[in-house]
Amino acid sequence: MDPAQNILLLSILAPLAVALAILCGLPKRHSIIASYFGFGAPAAIALWCWANFPAGIGAQYAFLNRYATGLEGFGISLALGLNGISMPLFVLAGIVGLAAGLYAIRSGAERLKVYLMLLLFMQAGLMGAFASVDVFFLYFFHELALIPTFLMVGIWGGRDRSYAAMKLTIYLTVGALLSLIGLVAIYVQSGIETFDLTFLRAYLAETPISDAVQRNLFGLLLFGFGILVSLWPFHTWAPLGYGAAPSSAAMLHAGVLKKFGLYGLIQVALPLLPEGAAEWRHLMALLALGNVLVIGLVTIAQRDLKQMIGYSSVMHMGYAFLGIACLSAVGAGGVVLLMVAHGLSVALLFLLATSIHGRTQTFDLAEMGGLARRTPVLAAWFAAAVFASIGLPGFANFWGELVIFVALWEYSPAMTVAAIAGVVLSAIYGLRAVAAVFFGPETEAMSRVAAEKAPEDLAWSERVPALILLAALLVIGFWPSSLSAPVDAAVNVLFAPEPTTAVAGVLPNR
Amino acid sequence: MGIFLFNLIAFFTVACAVGVVVNRNTVNAALCLMLCLMGVAGVFVMLDAYLLAALLVLVYAGAVVALFLFIIMLLDAQGGTRAPFRMATAVASGISLALMLVGVAALLARGTFAAEPLEAAVGPPVGSVLKEYAQLLFTTYLLPVQVIGFLLLIAMLGVIVLSKRFEGMEDIR
Amino acid sequence: MTSVQIALIVLLLPLASAAVIALFLRKAGNAAATVSVLSCAALAAASLVLSYGGQRFEASAEWLRLGDFTLSLGIRFDDLAALMLTIVAVVGLCVHVFSLGYMKDDAARPRYFGGLSVFMFSMIGIVLADNLFMMFIFWELVGFSSWLLINHYLEKQSAADAAKKAFIVNRVGDFGFLLGLVWCQAAYGTTNLGDLGTLAAEGAVVSAGIPLLLFCGAVGKSAQMPLHVWLPDAMEGPTPVSALIHAATMVAAGIFMLCRIHVLMVPDALHVIAWVGTATALYAALCAITQSDIKKVLAYSTLSQLGYMVAAFGLGSVAFPEAGEVAVATGIGAAMFHLATHAFFKALLFLGSGSVIHGCHHEQDIFRMGGLRRAMPFTFATFTVGVLAIIGMPYVAAGFFSKDAILHLALEHNRAIFAVLAFTAVLTAFYMVRLWILVFLGTPRSEAASHAHEGGFTMTAPLGLLAVLSVIGGYTAIWGGAFDGVWELVPHAEGATIIVASVGVMILGSAAAFALYRPAAEDALSRAMPPVFGTLSLLRSSFDAGYDYYVAKVQQRFALLVNFLEQIALAGLIVRGLAGVVGLIGIGARALHVGNLHAYVYWFLIGTALLWAWAAGIF
Amino acid sequence: MSPELLQQAAASNQWLAIAPEITLALIAVLLLVLEMVLPKGQHGVIPGIAIVSQVAVLAGLIFNFQTGFEGFTTFSGLLRHSADGQFLRIFFVLASIFTCLLATIALPRQKMPQVEFYHLVLVVTAAMMVLSQSNHFVMLFVALETVTIGLYILVSYFRTSALTLEAGLKFLILGALSSSILLFGIALLYGAAGNPDLPASTADGMNFDQLRTFLAANPDNLLASAGVVLVIAGIAFKIGAVPFQIWVPDVYQGAPTPATAFLAVSSKAAGFAVLLALTQRAFLPYSGLLIPILGAMAIATILFGNLAALTQTNVKRLVGLSGVAHAGYLLIGVIAAFADPLAVGAIWFYLLAYLLASFAVFGVMVHLAGADDENQELDHYADLARNRPFLAGILAIGLGSLAGIPPLAGFMGKLLLFVSAYRAGLYGLLAVVLAGVVISIYYYFGWIRAAFFTVWRAGDEKGEAPREVTRVTPGVRAALLVLAVGSVLLGFYQGALGQWILAR
Amino acid sequence: MTPGLESYIGLSALLFAIGFFGVLLRKNTLVIYMCLELMLIASTVALVAFSRFNGTLDGGVFVFFILTVAAAEVAVGLAIIVALFRLRQTVEVDKLNHLRN
């Protein structure tokens, strides 16, 4: 077969194979070498797909290939492909995975082999989740990526790890199950009994599910996916979990895996259940404002750096939900951009937060201060990450937020006002954190720690992964259309104002 | 006549069954069980199932109840001094039983039983002859018979495993 | 090279400089300074070429498209942009050069010069932007570079706080800007300045909301009331930064932006703008009187002058309805004129103060200076030129002409505003002369002042250049014909009223200052009129106190309350409570396994009974 | 008895149709013979022979999946052969093999006769095969009793332990009670169906097909209804559905670990096979009566099982109670089967996944159980991941599959059940399942937590020697690997099995 | 005049109920076991009665099997009880509650 056709499968199998090899007892030295491959290959493939993504295919899938797994009669097959919405996230998964992997390899964690193995499983799941065209495998790979998170939080986690891991698990299970039932419901209600998105879209465009049913199904999916994305008020797992998670796990989960819920809403729920979405959008938008405003305030009140980053990530998810609630091509496109951007920036923040912790031995903002003098590069990069996350132009996040605001005004000016007010909140907590950690005179506690072990500036093992993320943020920040062009092509088809004619664009015969 | 006899046997049987339940002495309870089985055998006779009646007496009264008595003697566990059951338990089970009897009553009141008397329904009684049983057992029900064979085998093995003193093995104190 | 290419070079050169410094020259202070200064010089040269020799053009490229939303980046190079670009480039170059001397001993020079380059890039981006989205992008970026540079002395808590405050307050303003921007996009389908002009000409513009929201951005960036509080604090940054960013260029971006969007203006909005500017002008002037820090005095004077510009814009950009017909946008002319002159003389004043501070070994208290006339004659001379310019010495200095234009506008359109602005001019003269007296006259009042010395050539040369510009800048003809598109909008006072008035107020204010202040180590006003001084101090601190109260007592407490609800009520009571209830039920269910056979038989009995009853139709 | 009669009898009984059962029974007998023939020192090979010969049977079953008897009844209608039956045969043999493997670990620690255990397992397995294919209540009862009595013995096999015997006694009495209830139900059904006055009355009221004809003609015969519910009550005991589940934890806890596993997997599967045969064939016309009962049972079973397991710390009780919950999920499949043919396949798949996962978990449990089979607390699993990473990994996969987490087989089973439940319109029940699964995550995860989390970060090494854990023999290691790999593989690649499930 | 079918079924049900009652009430395991036998017998009464009234022999044959099974069950059950008695020296249900919670 044409290697290009199997390239997506390869991106899943590469980390998986390395993980299995480690599981089967590869020696540590070789494990590390293999891990470079395991994390590098998906990233390379992702970038290749980005570079070679065909223009002008609308919402159709490129690199599409189907593999039989024994349940074709049931409408399940391993169909892999990328469309304009999944490609950016696939790239995100590759990049953040590479950064998290490189960071992990050099992190010197206890039981490094197991740690890497779990991360590689996670990476395989992530690549698979975003490359899957089949809804079943979409879900399946998501869970594959989720399981290692639980273990990693539980085993390598920080404070409260046991409770955090349990809470994370329960919450995410609830979310996953709700969405699973929603997906099953779509499968059954569609009438063609397939999980393959292309067929579902084509078929449902002709014969949509009845409005009443759509309402119920979208509700299920909204709350199911919503819990996965920490929709207010179902978010309390997130800060706790991220606070406890080891950095690479937090990077991959907060950065990439969490986007799965949003991705599901955009890729599956909205195009298939437009009426249901129209029914629920108000509630969704209101809850999303809860994310933005309530959690924004909560973030301001945090004293712990990692908690703060965790809460800020919850807050920014509110923008994504608002973008989805717009139900427009602009909004959805903005959400995709924001997802990618936020994924990169939050991963960078978690990475650097861990680096800070390594130098201050604490996450307590009150005990830190004046670190910039000792570690200027860390200070600069952390500031850059914070500015990225609060939406400074030049970083990718800005585009996502801006586009969402533009789209949101069409939906509700009042909500736009509230949403933009959140921008001020994020500036407050972001700058406070930067100032508290790095600027001003050195605190006593900090001096004590520094006396024991003088903090050194970022090592290359930290710089390289951080640089990967930072570079990606800047590239997209300066040249957004590199990413937005495919997104635009896809959302224009999927979210055209006249759904029936537009979605027909994915029909195979066109 | 038939009804009278039936009533008599039925009363005797039920009384003995109650005896099993309420008798403080285990030996007496076992004996009550035996008498009860006799009564059931009588019922079988009234239903023209002579073979089964004989089997019942042989297997149950002869073997099972005897086994019970042996064990009772062996264990020498007379619940003599204490009440055989608590009053609270009795009350609770009485209530439950009432519930169940309501169900029975409903069934009896509304169930559809054979409307016609016995003689009219079936002329010659079936099942009084051994040969008919044998024929069924060796044709239609041959497989269950084989399975029963294995059942008895494992029951035997089970009793051995649970009771026998094995050489060189740790055993029950 | 085409004009577009030159414009691109102008825009991207500082970015390249910043990138080079960030990537390669983080530890090489001299090299970084050289790169930055050279790039700025090249930029200034290119800007001048562009402004004087190049065409006026518009060009844009699509940068992001999603659905029916398109965002372009483009250049709109008209006379307004050319004027602003020239100012930015010239003042920027002066400051860069001045910095070479001023920051000579600073260890963090690469960061400083990198920051300057970032600033130049962002500022030029604003100047060249052809649509509001692009302007917003660079708007945010100047905010960032301002944060970076205020934060330069990053071990000072006050600097860190000031930088944070500056950025956050600006964000509050940008909240309005962004909202207006989004609204504008939704309402008109474009934010391109040219297209908006066409639409406005067709009469499509009616809303007062959009311009006022956009004005919020200007309020933040140009530090108008009530968002002015960040600017005085921003003086924590190095003095050249204060000169460039917080006096001459960035803070004036708000005025520039207003001029850019004047087509969207409606009378109601302009009223508001005019009054906001006027109020700021008066308030800041009152505040300036009690300051003892040389830079803070200048900062408040900047605020006050910015207020003038805003007021000018508000007064004359479109005709008021009673005027009958659409007038020429005289407000733009007046505002931009004052912007230009102010940029020069305020940069001069700040650099002068920088020279003073540098000379006095970083002493900033004017009551601990004195007598610098002798120690620093060149600085004294140039500073004096600056003072004359700001108080509006007729025909000698640039400020006179531009201020006259504004007062003229005010007199024409709104007498109340005129009165306030005139009174402000009195105050301006008062506090500037006070400053001048205290710093330069008399004898040194401190060890530092007595050892004051003039800076090197890199510091004096920019002062000289700016002094010259401060003198001649007021004559629009000097500028050549390049900016006539702007200058022809400048209103000219006819008759003697305005000249008399302005000379009058100048003399009044200066005389009062001369009367009251002698070079002394103590504030004469506080001694002579304690209630007045107290009131003014209170007036100055009331805003900060109010905001501090809001931040510490309202916002922070509210945040803590919400956090409390989040942690205790949601995560605790509801989530853990629910889990606890389920757990209790679980313990109960587990406890049903009592181990007694009879209890188990009951289950069977009840189950059988229930099933039987169901079958018998009892339910 | 005339020769013709015997010939006739021989002709009507196609013994070939039950060749696997006969083979198993013969192997069982062979084991006893070997015990007598072989010298004492060589008794060690007997378990091996049991296992290997069963593997041969398994292979034979798989390669002769199409028997030619499918859809036919044999033995005068006592048995009915079907693809489902064939699947169940494979299932039971598989379970039996793994039970024997567990026994090879657990039994030598006890000074008890061993061969009888394997014999019993084999006979009971054969009886289960017969049971799952019976088409007649006599056959059903006899096979069921064989199974039950065999299980009584297996449960109380470690007679030196009072707890084991107490479990045996409880199982015995409650089992006998449920047998009586079942029997009474059969009697009522027989009586109702044979009543000559009723339409479609039948001479053979205990034959499922005949009974169905009768029930269809008499849609609300009260006697028959009572019989139906009593039979269901009897089966509910087998599968451990509320309110007949109460024995489960006590018996599971006391029974020897291999017996517990056998009980948890085979016995439950047999119960479901019977339940499906009854509800889908004999009692189909009474679905109106049954669906509410089964629905209520399913709800109560799921909630009770999960809630009671929530705070449980004894792993055997935990497995038992979680097994109750699984029975609840499967009951939903049984209900869905009334409306959606896929549900039956879903149940089979679920059971298979449950088998793999359960034996994986029991395989770990049996190694950790200690000499007296009493190390059953979650605390005994502390540090497992450090001391025995292999066992910990197997445990994690098993528990994950039981919890229904992708990519493991348990998830696929749940998905199929969900789909068919949704197709059948059982929305309310799905909500209950959801609640149940969420609760179950807590305790499954708690177990994993016990095995994994306390390790590696424990600041103070207590210095105590690793708890004594039985060595994992290569054969068992391979078997556990098979279970784990199977659990993973079936999660996303079902291959021929998937096609069979969909096509059946 | 002979008794009708419902009389036999009533008797059977009564015996069944009494047996059940006994299982519930008695503390002595042996007696409980007897009561279980009583329940089995109750079912055979019903079977025989139905067999007679329906005119088919299957019920009778079934009883045949039931009796055999019951005998086997008794043997195993008593073996368990005896083994337990040897360990615990009691056959009282109330004292056999070590497996709980």
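Worth pointing out:
The chains carry the letters A, B, C, D and E, assigned in the order they are written, with residues numbered from 1 in each.
Basically, a residue touches a chain if its C-beta (ideal position, glycine included) is under 8 Å from a C-beta of that chain, and two chains touch if they have at least 3 such contacts.
Just so it is clear, the structure is predicted and the values come from calculations on it, not from any experiment.
Shared contact partners of chain A and chain D, listed by label, are C. With centres taken as mean C-alpha coordinates, the chain found closest to the middle of all protein C-alpha atoms is A.
Counting C-beta pairs in contact, the chain pair with the largest number is B-E. The distance from the centre of chain D to the centre of chain E, with each centre set as the mean of the Cα atoms, comes to 26 Å. Taking the mean of the C-alpha atoms as each chain's centre, chain B and chain E sit 5 Å apart. One finds 30 Å separating the Cα centroids of chain B and chain D.
Taking each chain's centre as the mean of its C-alpha atoms, chain A lies 69 Å from chain B. The residues of chain A that reach two or more other chains are 170, listed in rising order.
Those residues of chain B in touch with two or more other chains are numbered 89, 93, 96-97, 100, 103-104, 106-107, 110-111, 113-114, 121, 141, 144, 148, 151, 155, 158, 162, 172. Multi-chain contact residues, meaning those touching two or more other chains, occur in chain D at positions 138, 142, 145, 149, 152-153, 156, 159-160, 169-170, 173, 177, 195-196, 222, 226, 249-250, 317.
By the touch criterion given at the top, residues 5, 9, 12, 16, 19-20, 23, 29, 32-33, 36, 39-40, 42-44, 46-47, 49-51, 53-56, 58-59, 61-62, 65-66, 69, 72-73, 76-77, 80-81, 83-84, 87-88, 96, 98-101 of chain E touch chain D in their complex. Only residues 167, 170, 233, 236, 240, 294-295, 297-298, 300-302, 328-330, 333-334, 337, 370, 372-373, 376-377, 387, 392-394, 398-399, 402-403, 405-410, 413, 416-417, 420-421, 423-424, 427-428, 431-432, 435, 438-442, 480-481, 484-485, 487-488, 491-492, 495 of chain A touch chain C when the two sit together in their complex. Per the touch definition, chain D reaches chain B in the complex via residues 1, 5-6, 8-9, 12-13, 18, 25, 28, 32, 75-76, 78-79, 110-113, 116, 119-120, 123-124, 126-127, 130, 138-139, 142-143, 145-146, 149-150, 152-153, 156-157, 159-160, 192, 195-198, 221-223, 226.
Residues 590-591, 593-598, 601-602, 605, 608 of chain C are the ones touching chain E in the complex. Of all residues in chain D, those touching chain E in their complex are 137-138, 141-142, 145, 149, 152-153, 156, 159-160, 162-163, 165-170, 172-173, 176-177, 179-180, 183-184, 186-188, 190-191, 194-196, 201, 203-206, 249-251, 253-254, 317.
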